[in-house]
Structures are given as C-alpha cells and as structure tokens.
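First the structure, in the form of structure tokens, and then the observations on it.
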C-alpha cells in the first residue's frame, strides 16, 4: 500500500510538491534498525549517545525490522550472518536504505584477504546506498554518511525514472 | 510486616532519588556537539584518511609491505640515466617513476603501521574523515601523479632503454667470450 | 458541547460528528505534541538535545515521522491472521478514543455528560486489552504472543487498585459523574480532593495523607495500565523486541502509538479529575474577576490540559529514570502491595468521611 | 498431577537488542520459565588465528585490537608482553607506566559499557547514556595520545607507538576528579535503585565452585567471592608497585555471586583503577618510549604463554614461534568465551526477562567469543 509503489508518468507541479514533502519526511525521520554487529556497533552506540546524538537527525533505533527504515551495517559480516542480514533486509518495509559503516562492511576490511569466514562487502548480499569509510568511522563520519543519505533521498521522485 | 513496609518505603524513596537526579540533568546544559554546524577541532595525532605526498615518494614500497591488510598498491618503473626526477624534501634522490600508487581506503584499517617505515615521511594520516561515497570504487584513492599515457610512455621508454642496453650488451657479449650468459638470464628474470 | 451543538444545528447526527471530530483533532494534536515532547524531555534528561534539524528545535519531527509512516509499505506476514491483524490497531484506538467521550475538558467542553462517567471510563479503557490480545495472537510471532499475554494480565490486574481508589473518591463525593466531581472541587487549590476536598472540617485535615496515598496508588496503577516504564513489560524493548506490535509496520503501528499516547493523557485526566480539581483553576478565574463570563470555560480548558500535560510529563520523567520490572514482580507490586494499601486506604477514607 | 504441556522454543538473536552483538540464544520455554538455553556462537568469527599466521609480529597487533573491541588497549598489552617475553627484552620504565595507565583507563571505559548495557537491558536508558558520556572523556584521552578512538594499535612490541601528549597528565587528573562523583551519582540512580536490585539480586547466582569448575575469571569470578586477580596473583608489567584492592562480591543485597554482585564488583573495580592511575600518573619517569629492538622482529624458536587481567577476565596469549617473521601460531584464551559457557547453567529456572539481566552481568563481547 506504500504510496511509493505508484509511479506517475508526467511530472507536474503537484507531484513535484508532493515529492518535496515526502522526501522531506523520509529524510528527516530515518529510523535505524537497532542492530550492532561488531566494533563499529560501539561507535554507532557512541553516535546515538549524548555527545553526538543521532536523535537530532530524527534517527531512533527500532528493534524490529518492521518499523525501521534503514539498516546501518556496523561491522564485520560473516558468512553465517549474511543470510540473517538478508532476511532482516527483506523484512523492512519499503522504502528502505542501507548505510554500510566501516571497512568490514564496505569490502571485508582487514579481513578481505585471509578471512575465510568473512563476507567481502555487504553489497554482495544487499544493495548499499552509502559507504562510510573508517575502521571504525568516527561518529562524525557516520553522521556525514547520514547527511549523504539524506541528500540522496532528497533527489528521489515519484515520477518514473525514465522521464 | 516490618520488611514489607521497609520494602515499600525503600521502593518509593529510591525512585524519588533517581527522579531528583534526572530532574537535575534536565537543566544541565547538553554535551552534544551539533555536528554539521559545529565541528570540534581534532587532536593533532588523529588517524583518519591516509594521504600520500607523491612528490616526496621514492617508490620504495616500504609502506605497502608494512600494511597488514595490503591495501596499498604500488607500481614503479626505473628511470633512465638521463632523466632527473628531482629530490624529495628531505634530500633523497628519486630514482623510480611511481606509475601507480593506489590506496584502497575501503580496506584500510587505520592502524598507522605504514607511516613510520616511510623514509621520506610522505605517507601520513590526515584529519579528513568526511569522505563517505555512494560508489565503493570511489574509495580507491589514486595518488600517482603520472597520467596513464605518461605511465605507459615511461614504461615503454624503460623497456626501450633496456632493450637497447641488452642489444649493446649482446654485441659486446658476442665480441667477448661466453661466460656472461648467467648474468643475462638474471637480468631477464628481473625484467619479468 | 454536544448540547450546544445540538441546539445550534438541531440535528443529533451533526452534533455527534462535530463533537467526535473536535476530540479527534485534540487527540491528534496532543499526540503530535507529546511524541515530540517526550523525545525532547528524554534527550535533555540524558544531556542530549533531541530532534533539532526540522523546524525550531525539531518541532516538526512528529509530522515528518507521520508523513513517512504514510509512505511505508504495509506488510502483513503470510502466516498472520489477516482479519484480526487488521482490526486490532483500530480496536485499540477505538478503546482509547471512546474514553475521551466522558472526559470534561471544561464545564462547557465535554463530549457527553455521562452520569456514570468514571465507571464508563474504567470499563472502556480496558477495551484495549482485547485489541492487544488480538494483535499479539494474530501476528503469529512468539514475541508478540508473549507481549500480549503479559499485557492482558497486567492491565486486568491493575484495574483493581485503580477501581479501589476510585471507589474511595466516589465515597467521598457521592457521585460517579466526572463532571460533578470536578465541579465539587471549586476553584482554588485548597479545595482539591488531594487536600481533603472542599468541606472545611477536621475530616479535611485527616484526609490529606490518605488522599496522597490514594493518589500515589492510582498514579502507579494507571501507569501500569498504559504500559509505561517501569511497567512497560508488554513492549519491553530489550526482552521482547517490541512486544505485541513487533510485526506491525507503517500506519498500523502508528495507530498503536496514537492510542498509547492518547491513553497517557486519558489516565492523566482521570488523576487530575479525581485529585487535582479537574478543570478547576487553582487560583480563581480571570474571567470572573474581569466580568467576562465567556472566558471561564476556556480558562478551565487551559488548566485542565495543563494539568494533564504535567502528569504526562511525570510519566515521561519516570520512564527515563527507572529500569523495568519483571513480569512476576509486576504482579507482586499489584497484588501484594498496591491492592492491600488501596483497600486499607479505602476503609480509612470511609471511616473519616463518616465523621 | 501437573498438566503435561509442550515447551516453546524461542529464538533470541542474532538480531536482538540485548544479546550484546550477534549471540544467538535458543531458549526452551515453559510459559515464561526457562527450561534450557543453548547459546549459538560463530556469527562473528573473524579468523583471528588464521590472520596471525599470515602476518608479521607487529602486524598482528591491529587484529588483537579487533578481538575484544571494548578493551583494545588491554588486548595489545597482553600480546606485546607475550612477544617481548619471547624476544627476551626489557622495555623502558616510562613505557611500563604509560601502559599501566592506559590499561586501567581502558578497564574503566570497558566497565562503563558493561555497566551501561547491563542497565540498558533492564530498561534503564538514561544511566547508559550518562556512562557513554563519561566514556567519551576517556576516548578523547586515548585519541589525543594515539589518534584513534576505539581500535588503538598503541602498544607496540618493545614500546609504544607515540609518547603521551604533554597535556595528558593534566587531563587525566581532571578526568579522575570529574569521574569520582559520577560514580556516586550512578550508584544513586541505578545501583541502589529498588527496581534494579529486584531485577538483579538473587538472579543468576553463580556459586564459587561452579565458577571455578567452569574456569570463569574476571569480575564474574570475583562476584562469586574469590579474590583472584592476575594483576596480583601472577604480576606482570609493574602492577606489583601499586597499592590496590581486589573487590569481591559480598552479597550486599542478595546472595553472593548473583547478577548484582557481578555488577557491583565492576563499579568497585573502577574505583580501584582510578587509584592505580592516581598512583602511576605522578611517577611517570622520563625517557624513551621505544626499546632498542631490531627493525624486523624475529623471535627465536620457542613457545610462550602470558596472561593478563583483561576487563573481562584472564586473557591469555599462547604464541609458538618457529623463528620466522610470522608467528607459527597465536592461540588466545578469551575470557568472554570461557565465561559464556556458564551462562546456560545460570539461566535455568529463571524467566525470559532474567536471561538478559544475566547475560548483561556476565558481560561478553562477541568479537572475543568468536574471535
């Protein structure tokens, strides 16, 4: 029933305004799935904590995927975990976004060469919107990643992609 | 019975103490750093994105060997005797064209093990941390300042030079006796 | 208000619809405010700032959340019981919405003048249990089921101390009507029930401590009825993921949240009416002193909402201070502590009011 | 006659807010009562030992960071003293002092997270954020010194990566003065809160003999009443020069060895760590922060086992060297892994809500459990 399922072929003024409103709403309330994997999860927690305060951007952790809008893949994804992450991703209702946080999630990081049990990049399993580099990224870097994601959402449209 | 009343009292009292503390905090100023608007200065030793001052790089490959995750990729071509590559800022003479100096920042683990071995201190960690990307390929940083054509040219120059040298040596070798051959094979191995 | 609208339009239907609409708008506005307020209160208690990026100090945050929720895909799990799953949030909201019908916002502004107002309120607010049970069962999720079971047990148990305290007030005032209870505690705060009621006698002073105990009991037990920390075990984020609404997404989940916050105000309203003078102003009315009679109902509405929001604030304050009880301890608090105290309180209040 | 009912299997994790990462618990429930708990691990197996085989000795240090990511400093500490023992070298005094100070600061930082998440599991969100706020102060000390916030790679074989910052001593003293009152505040807000006590006292009681049989170490063992601390028992570095006590669980509000005791031991330990730092901070001698060691570290053939008192318990490194640049094998005795084994035992007969309280009080880090 999500409104984004419907696509409009002509881009008139009304749609553009509605676009703006919807994008604004989505980008200012990105609820993350409260879900930590490894070292980066600690930095993610630090980002939610008082000093950096994720809540300023309207980001609050929801523990169930059904109510979340974004996953922050915070840490090493092992092969055993990858299937779980895929399932979690599928459980999130559309529209959904993914921030890949840290080297491990980007491409396996320090484990890319000898890590026989490490997935070499979360983008092999689910599509990633923003890659935040760092090992682990500073909280500010994660916030910057979120700003990048917001920028991306701002440019989305209800109109058909071909127009 | 006494225990019962004590429990009740203790329950209410500790709740009130807790409420007093949180109420006090309601009016203490927040410690939040409002990131995009306010950026706190980072300490000078901070370890974030790697940077290579390629003008100072002599292509010695030390950093790449020190890296535990092998995220630094260096290719070099020897310079010709006539070419002057200049010197680094601490006076070392450069002898190699650095045709490729790629750091895959996505793999980097920010351990700073690559920094101390560098003889010219040209690789170091900066305080830049805001460089998230939409595409992962953009996270491969290319520091070599030679263009691709230039790199190809240098390579071919060197090969030409090598071939000429080889040819002249062969002429010399033909003139003199045979025992020089093992040296030649060694050189060939090196070229590979 | 219903009467006023009825006189104005002459049609029962129009009057009903308008009254309902006004209350609905109030609930929506209140929830928009309360969610933002809760986030700000919690943030400042934790030395943070809370929403800051949309509007002044993030006032538009809840609106953004709401518009976003509108756009979310509506997932119903294949294994879920579709009918119950869809009805449950509506039912829960109906329960909390219906409760507002009997709440007197001011002497003129009330949905309907029910003679048995407090009785109606208690009955209708436990309507929520059915919805929660439905939600938990139909989701076909073990966490939801556990949450729903806990919630049902909790709400049903905590009805008892609530009812006992309400009974003591009813004994004191001799009426079940919320409107009358409010009226009795005429303006000026020393007439409030928490200070022994309007009658000036020895009984008034004897009553004060027992009224205070009664207030504590009813506040704690209503806290449990609306599933707020320390009694939020049906949702218990760290144990049951999100309790009975684990499987709900988008607007259906928003309905649950709506009813949760609406309930918060409803129970605060009950406490206000029973102990803190309802819509009565603590310091007399400006409208009376300057001779503008028409101002009084608005002043009353202001005081009522202000008191309600204050108690909502205390609920939030408690939530961000305390850890959560375990399910058996929750029952212990209710059956072994609150009910005996409430019973004792009831008897003592009864004796004093005989004096 | 009791009615025979089926038990319910509840799957908790790996995505669950309070399994401290990616632990998966398979709970067998009778109503809300736990019949059996099966922890499933391996969701964060990052092949540490495999990496150690492929890396040279200094290159292993960043990987030790990533094992117990809440106590990276201490992981470095254990590893470097193992390699130094293998090499047979002595590090300068200054290095020893700085290592101890850093290690104790790390212990405080780690305990702050442990206490905070234990509270968070029980539903107290605010103390958790207060503790993270204080932890940020320690992190800024670390960042000032070595440039990293979480994974430091600070202690190197034969020394340190950087000397301390000129301001370090002053700021550390400031931190100590700031931190003492916040412990009191935490005690008022959470530790002695009636609800918190109800939730943790007499829950998950770990008798001393069980603890010893399972090989539990660290605060969990001390919570059961045995004053066993490797800093005292098997002194390493310069811990023998400092005067500090080993806090043990006394059963102040419940039985000895319950969740509350394990929690409280951590709070007392933070105070002891502050004492050690206070003693050490004024005595730092001048000197170099790097011992004279060859550029390429190549220990002689042999094996070594060292153990240190990590914030979570006994952290042991067993290194086999075959005389090459790379270690032949690095085996880690991870305290979290060993402590986790007793978990199933502790949970039996409790309610679902207690599982997380117990798990929080054992304080595991999945990076270390799975390695």
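Letters A, B, C and D mark the chains as written, and numbering starts fresh at 1 in each.
In this text, a contact is a pair of C-beta atoms (placed from the backbone, for glycine too) under 8 Å apart; a residue touches a chain by one contact, two chains touch by 3 or more.
These numbers come from a predicted model, not from an experiment.
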If a chain touches chain C and chain D alike, it appears here: A, B
Of B-C and B-D, whichever chain pair has more C-beta contact pairs: B-D
Where chain B and chain C are represented by their mean Cα positions, the distance between them in whole Å: 60
Chain centre separation in whole Å, for chain D relative to chain A (CA means): 31
Distance between the centres, which are taken as Cα means, of chain C and chain A, whole angstrom: 36
Interface hub residues of chain C, defined as touching at least two other chains: 43, 45-49, 52, 237, 241, 320-322
Junction residues of chain B - those touching two or more other chains: 7, 15, 18, 21-22, 25, 30-32, 34, 68, 109-110
Multi-chain contact residues (two or more partners), chain A: 49-51, 53, 56, 63, 110, 113, 135, 138
Chain contact graph, described as a line, ring, star, complete graph or other shape: complete
In the complex, chain A residues that touch chain B: 50-53, 56, 103, 106-110, 112-113, 121, 123, 128-135, 137-141, 143-145, 147-148, 152
Complex contact set, residues of chain A against chain C: 1-5, 21-22, 24-26, 28-29, 49-50, 53, 55-58, 60, 62-64, 66-67, 69, 91, 93-95
Residues of chain D defined as touching chain C within the complex: 8, 10, 16-18, 32, 119-126, 129-130, 133, 189-190, 193, 195-196, 198-199, 351-356
Footprint of chain D on chain B - complex, ascending: 7, 10-11, 13-15, 17-18, 21-22, 25, 31, 42-43, 45-47, 66, 68, 109-113, 125
Residue ranges of chain B in contact with chain A within the complex: 30-36, 39, 48-49, 68-70, 104-110, 129-136, 139
